[in-house]
Amino acid sequence: MKILDLVPITVDVWTPESGAYIRQHLHRDTEVVTRRLVHGPASIEGEYDEVLAGPEIVAMCGEAEKEGFDAVFVDCFGDPAVRAARECCDIPILGGFEPALYYSLGLADKIGIVTVLPHVVSMLDGLIAKNHLEGRVVSLRHVNIAVLDLHSIDPLVAAVVKQARKAVEADGAGAVVLGCTAIVGVAEAVGERLANEGLSVPVIEAAQAALMLLETHVRMGWRHSRRTYLPPRAKDRTWWPGDGAEPMQA
Amino acid sequence: MKILDLVPITVDVWTPESGAYIRQHLHRDTEVVTRRLVHGPASIEGEYDEVLAGPEIVAMCGEAEKEGFDAVFVDCFGDPAVRAARECCDIPILGGFEPALYYSLGLADKIGIVTVLPHVVSMLDGLIAKNHLEGRVVSLRHVNIAVLDLHSIDPLVAAVVKQARKAVEADGAGAVVLGCTAIVGVAEAVGERLANEGLSVPVIEAAQAALMLLETHVRMGWRHSRRTYLPPRAKDRTWWPGDGAEPMQA
Amino acid sequence: MKILDLVPITVDVWTPESGAYIRQHLHRDTEVVTRRLVHGPASIEGEYDEVLAGPEIVAMCGEAEKEGFDAVFVDCFGDPAVRAARECCDIPILGGFEPALYYSLGLADKIGIVTVLPHVVSMLDGLIAKNHLEGRVVSLRHVNIAVLDLHSIDPLVAAVVKQARKAVEADGAGAVVLGCTAIVGVAEAVGERLANEGLSVPVIEAAQAALMLLETHVRMGWRHSRRTYLPPRAKDRTWWPGDGAEPMQA
Amino acid sequence: MKILDLVPITVDVWTPESGAYIRQHLHRDTEVVTRRLVHGPASIEGEYDEVLAGPEIVAMCGEAEKEGFDAVFVDCFGDPAVRAARECCDIPILGGFEPALYYSLGLADKIGIVTVLPHVVSMLDGLIAKNHLEGRVVSLRHVNIAVLDLHSIDPLVAAVVKQARKAVEADGAGAVVLGCTAIVGVAEAVGERLANEGLSVPVIEAAQAALMLLETHVRMGWRHSRRTYLPPRAKDRTWWPGDGAEPMQA
Amino acid sequence: MKILDLVPITVDVWTPESGAYIRQHLHRDTEVVTRRLVHGPASIEGEYDEVLAGPEIVAMCGEAEKEGFDAVFVDCFGDPAVRAARECCDIPILGGFEPALYYSLGLADKIGIVTVLPHVVSMLDGLIAKNHLEGRVVSLRHVNIAVLDLHSIDPLVAAVVKQARKAVEADGAGAVVLGCTAIVGVAEAVGERLANEGLSVPVIEAAQAALMLLETHVRMGWRHSRRTYLPPRAKDRTWWPGDGAEPMQA
Amino acid sequence: MKILDLVPITVDVWTPESGAYIRQHLHRDTEVVTRRLVHGPASIEGEYDEVLAGPEIVAMCGEAEKEGFDAVFVDCFGDPAVRAARECCDIPILGGFEPALYYSLGLADKIGIVTVLPHVVSMLDGLIAKNHLEGRVVSLRHVNIAVLDLHSIDPLVAAVVKQARKAVEADGAGAVVLGCTAIVGVAEAVGERLANEGLSVPVIEAAQAALMLLETHVRMGWRHSRRTYLPPRAKDRTWWPGDGAEPMQA
């Protein structure tokens, strides 16, 4: 099976190590190809960034389906343009939010999210509400670190532990979801430190969760509902694709 | 005061009459300028269309603010890119959904929405959930007419009355919101027909409501919250503006 | 257009300045006439006070409609007898709660209310629940100042800022509604002080909001739903009107 | 123990039989005294009627407490002025809605209410919302019979059975609450007819339930919360008591 | 009337005094018989304990019905096996949670629960959610005392007061439910101490409330809904009854 | 990896074919061992059956953990004793409800459940509420076929299609969850028939989903939260294990 890891930003935030990390639990025969946007925001830290990234995300999903990819991971916790891409495509398409959250529901009653910046809080509140998860998500905190500064693992772990502790002790969370797909490779360290404090809670990384759920969708043959996501009606649509300067026609 | 009526599609759906109609209750000194997208979808009938329209909407809101407009109406019931534009701008920006719904809350306990096509139903369900209006919106029905076919008033009125009647009688709605900003000029006829059947309920057109609420925001000096809508952080962002073929830099 | 500002208490709390202040954003041709109760409570600070004020409020709304008023503002944040008056009258009738809250929904995702006394908290909690606003109102705090002591602007501003700050920082509010229609003339000062602290949130005064919304209802020709508010059935009803000692018959 | 059955209308709807019926399950030493309003509405069928009845209800509750009554039943399903009276009094005060509903919660998961007229539907919807019972009340239907026409038992039973059947079969209710305290003496007949159709559900009469719950409150020594119902602050209040033409002072 | 007080544990936690205490408000002719499990957990402090106690609870309810008991109180705040027993029996069966909570709803808007151990918190959260009481229960705190250590009244009162104070002051509770049926005989002391601090709130003991509600069900002739609790279908079922080592057949 | 498929009933409902069917999407190196109860109900069709099955389920989970199983599937849609077993064990334990529902959330906005008998409806309503899925599950219908009669595939498919159609068309579901783990091998046929009618929705079988989710938990190293599921305190507990007649001691 072949999954597109569509990083919806223009900056290359992935090292070979982080890529290997998020793929480590997949089937040996699951291939993950990483691509990023040609034009768009350097990182997604709010709804403006999401909007800028949107058209190229949908176009790349469509191309991936034509190329024969089995599924697409829109590699951002805000699920940017994911619903739009599902209208246009038949293959499974997931962002980072839904998989991490839906998996977490089977691990604890109350979920805490630790994300990056205050700028994404109302965006994530919106996702929580739209997905009717307000009865389960009891905490939404941030480490106040920008997406492109997440690579320093030690301060990141310390910052995440600090917020996760509050999520568990003050807000009652029983599991912690790391609310940015660029937070990679810290779940074990965070989980251990919390456990050492007597707070034994699962810690879920969104990129890992998303790839795993996509693999599951493909193996199970599940396709997103065409009653929820109706195919777009034919009509004139012009836009700029990911790789050229000329507007195109749908 | 000067309001931009930003029609986020590439087709000109407005007649001078419809434009005059939606402006009729505004102050005499409120000027409304209509612009539409250069590139984007011919109409918005789903989340894919919204995504395509998004970047140009935000760019045009930003330009409007620089040109001295006092407010922008993103003239679509799906509120496309409205939250993103609020991050970028300080002037009031409203789509069609929020004004119609928030006004309706003061007129009846339970609200029914009559929209255009099945394609927009889950998109609107998402808006209802995101705005926490599920306790008030009891009905979401559609006339099964495409946006660009709404100009035939008589069949439109008949179709709207049919769905509005069900919203009131079967679903318990006490007010009817017309769920597409291109449904213009039928509220009175719909309301009268319903009243003749003993169903005296207010009927609210979204474009009228939005312009009125923007006028109110400007007169009251209200600005959207900067705790909900944080200004985007500075970073590289490339995109195609509404009027040229070259990618630009933010 | 002629609006009755029905102050549902027996004490005259308005100065000419405060009256001018709350009317400042209305159309020049909107006339606001202020009347207060002949009998009833000196101020409304709980549900007992609301009950005492109720019959005279409804009677005065009915008289206003007969006199040709276009709308009535029941000038109290608890919306006392507003629903009852809507059953009896066809003209728009609003209290202070609904307009301030519904306007605030378009300005921020999460709303904080700062009201006067602990005595009104469960009354307002009831209004929040009844209007299905619990998903949006995240904070309900009070300054612990009685209604008739609100005229000292400086301590009032200080007390409101203190509670508003907690609403924003501790409770996550993105907008602040001042939860008493007798809190007049402080929104700008409160908003500025909060902004100086980095908390840029809209601050909404209820009396201003209510008059503006009534003006809008009249201009738009919107009437409250007769499916929500059915006209009372004919029957014997005796009560004491506002201006005499003899019971009357409906 | 001595309970006041305060019928908040001016018409005598009770026969000795109906009075005996609603008291039949009380302790032999529980005395129930019935009084009705001197001035007010002939019946309560909407929020206007509630407002008219309100001041005299509160005054009569206060007098009952001074006379040594142990509790007051405000004998109407809309709980008119009950919360206001609790602010003023220390003895238990209940209307018809809360007891019937709270008892029903222990008998079935989903509750249906069968009430009198369409005029009270939005009033009861408000009570349901205010008391946070929307997760449990799945059906609100009416027999379309006015309060003062409820005395013909046979057509009443037939009409209630018809609506109760729909509540159970179409709406999923597992218990039926009779939504008017003047519906008396039909629960057994309704329950039997439903059981004969294979619908074995409890049927609860509100007046019986309320008297029983008041007896319980008194025996248990439970008093309503003074954190929810703060005593009214001292201030000028003028009103007309139940038995005279002169305004009085609190 | 004869009620079985079924203590669903194997340890005898009751003194004659505590038994008399919880029965003190019942009718003189209401007989309460106490029985406990032969096999099962020493106390119920989590869902594992509930599961172990379950089969014998249901069996003993069935035996009680055959012996002619009028009702059964499953004497534990977690309502263990109560719903199962209702499927099998026609007589009223209540645990400790539902009665205490449903009574509390008539005394205050917002309820706080003070329970024993952190081990029961998610179990009680589940009951709150299942019974749709999340709009009313605002606080769930524990004294961190095991069930079998609750007999020292003075430290218990002190610990309960401490948590109840937080429930009222920090969480806004207007009434306090003692969330373990083995907390007996402290309500008055807790209520007085809170009142001395200016926090006049009702304090409800679950065992008292349950017996009172069962007495009411029996007197009113109310039976649980057979639409909610369908009788089990005939089939093979083997289990170990309370008093023997051989599996039995239903 | 080795997963125990714990069928919590005493009747052998599985054929080799159905067993192979539900395992078909697992890793080749995932071993599934099926065991059923020695004592308990012949099938689970209500909360009484769940209670009878409970203790042996927990005991068998504990034994499986000791034997080195990596995870346990409690093979019933009602999730019987699953939460209790999680308290006692560290390995992942899932029933049929949670996996099917949580997977479905990523496939459609609104979920319909088609289950077996009316007897399980309120039990499943309870699970929906307890898991806070009421905003997503819009339909709960049954085919009125007992668990042990599900083996006739053709009438089962026809009956499921009939209810699924109503779930989609009348209730708005976008995905269908088959609400009994003994409904096996019909998803493809149901999905095709619905698609032929223009209702393209995913159809999810619970047993398949559960095994897949357990495999995922094991591969990801996720363990259920110890803040939600605290380990039981040491104390006396006697019960009958699955394989002997003598009570045992924990």
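Should a chain be cited, it is by its letter among A, B, C, D, E and F, assigned in written order, with residues numbered from 1 in that chain.
We take it that a residue touches a chain if its C-beta (ideal position, glycine included) is under 8 Å from a C-beta of that chain, and two chains touch if they have at least 3 such contacts.
Note that this is a predicted model, so its numbers are computed, not measured.
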On the document's contact criterion, could you list the chains that touch chain C and likewise touch chain E? A, D
Mapping chain A onto chain E via their CA atoms needs a rotation, nearest 5 degrees, of 120
Report same or different for the chain B and chain C interface, where same means the shared residue numbers exceed half of all residue numbers found there. same
Considering A-C alongside E-F, which chain pair is linked by more C-beta pairs in contact? E-F
Far-end chain from chain B, centres as C-alpha averages: E
Measuring centre to centre with CA averages, how many angstrom lie between chain A and chain F? 28
Per the C-alpha centroid definition, the whole-Å distance linking chain D and chain F comes out as 44
Using CA atom averages as chain centres, what separation in Å is found between chain C and chain F? 53
Where in chain C do residues touch at least two different other chains? 109-110, 122, 126, 129, 131-132, 135, 174, 228
All touching chain pairs, where touch follows the definition stated at the start: A-B, A-C, A-E, A-F, B-C, B-D, B-F, C-D, C-E, D-E, D-F, E-F
Quick check on the complex: what are the chain E residues that touch chain F? 10-11, 39-43, 45-52, 54-55, 57-58, 81, 83-85, 87-88, 117-119, 122-123, 126, 129-132, 146, 148, 228-230, 232-233, 235-240, 245-247
Parts of chain C lying in touch with chain A, wherever the complex brings them together: 109-110, 135, 174
Residue numbers of chain C touching chain B in their complex, please. 25, 27, 94, 98-99, 102-103, 105-110, 131-133, 135-136, 168, 173-175, 199-202, 204, 208-209, 212-213, 216-217, 219-220, 222-228
Quick check on the complex: what are the chain B residues that touch chain F? 122, 125-126, 129, 134
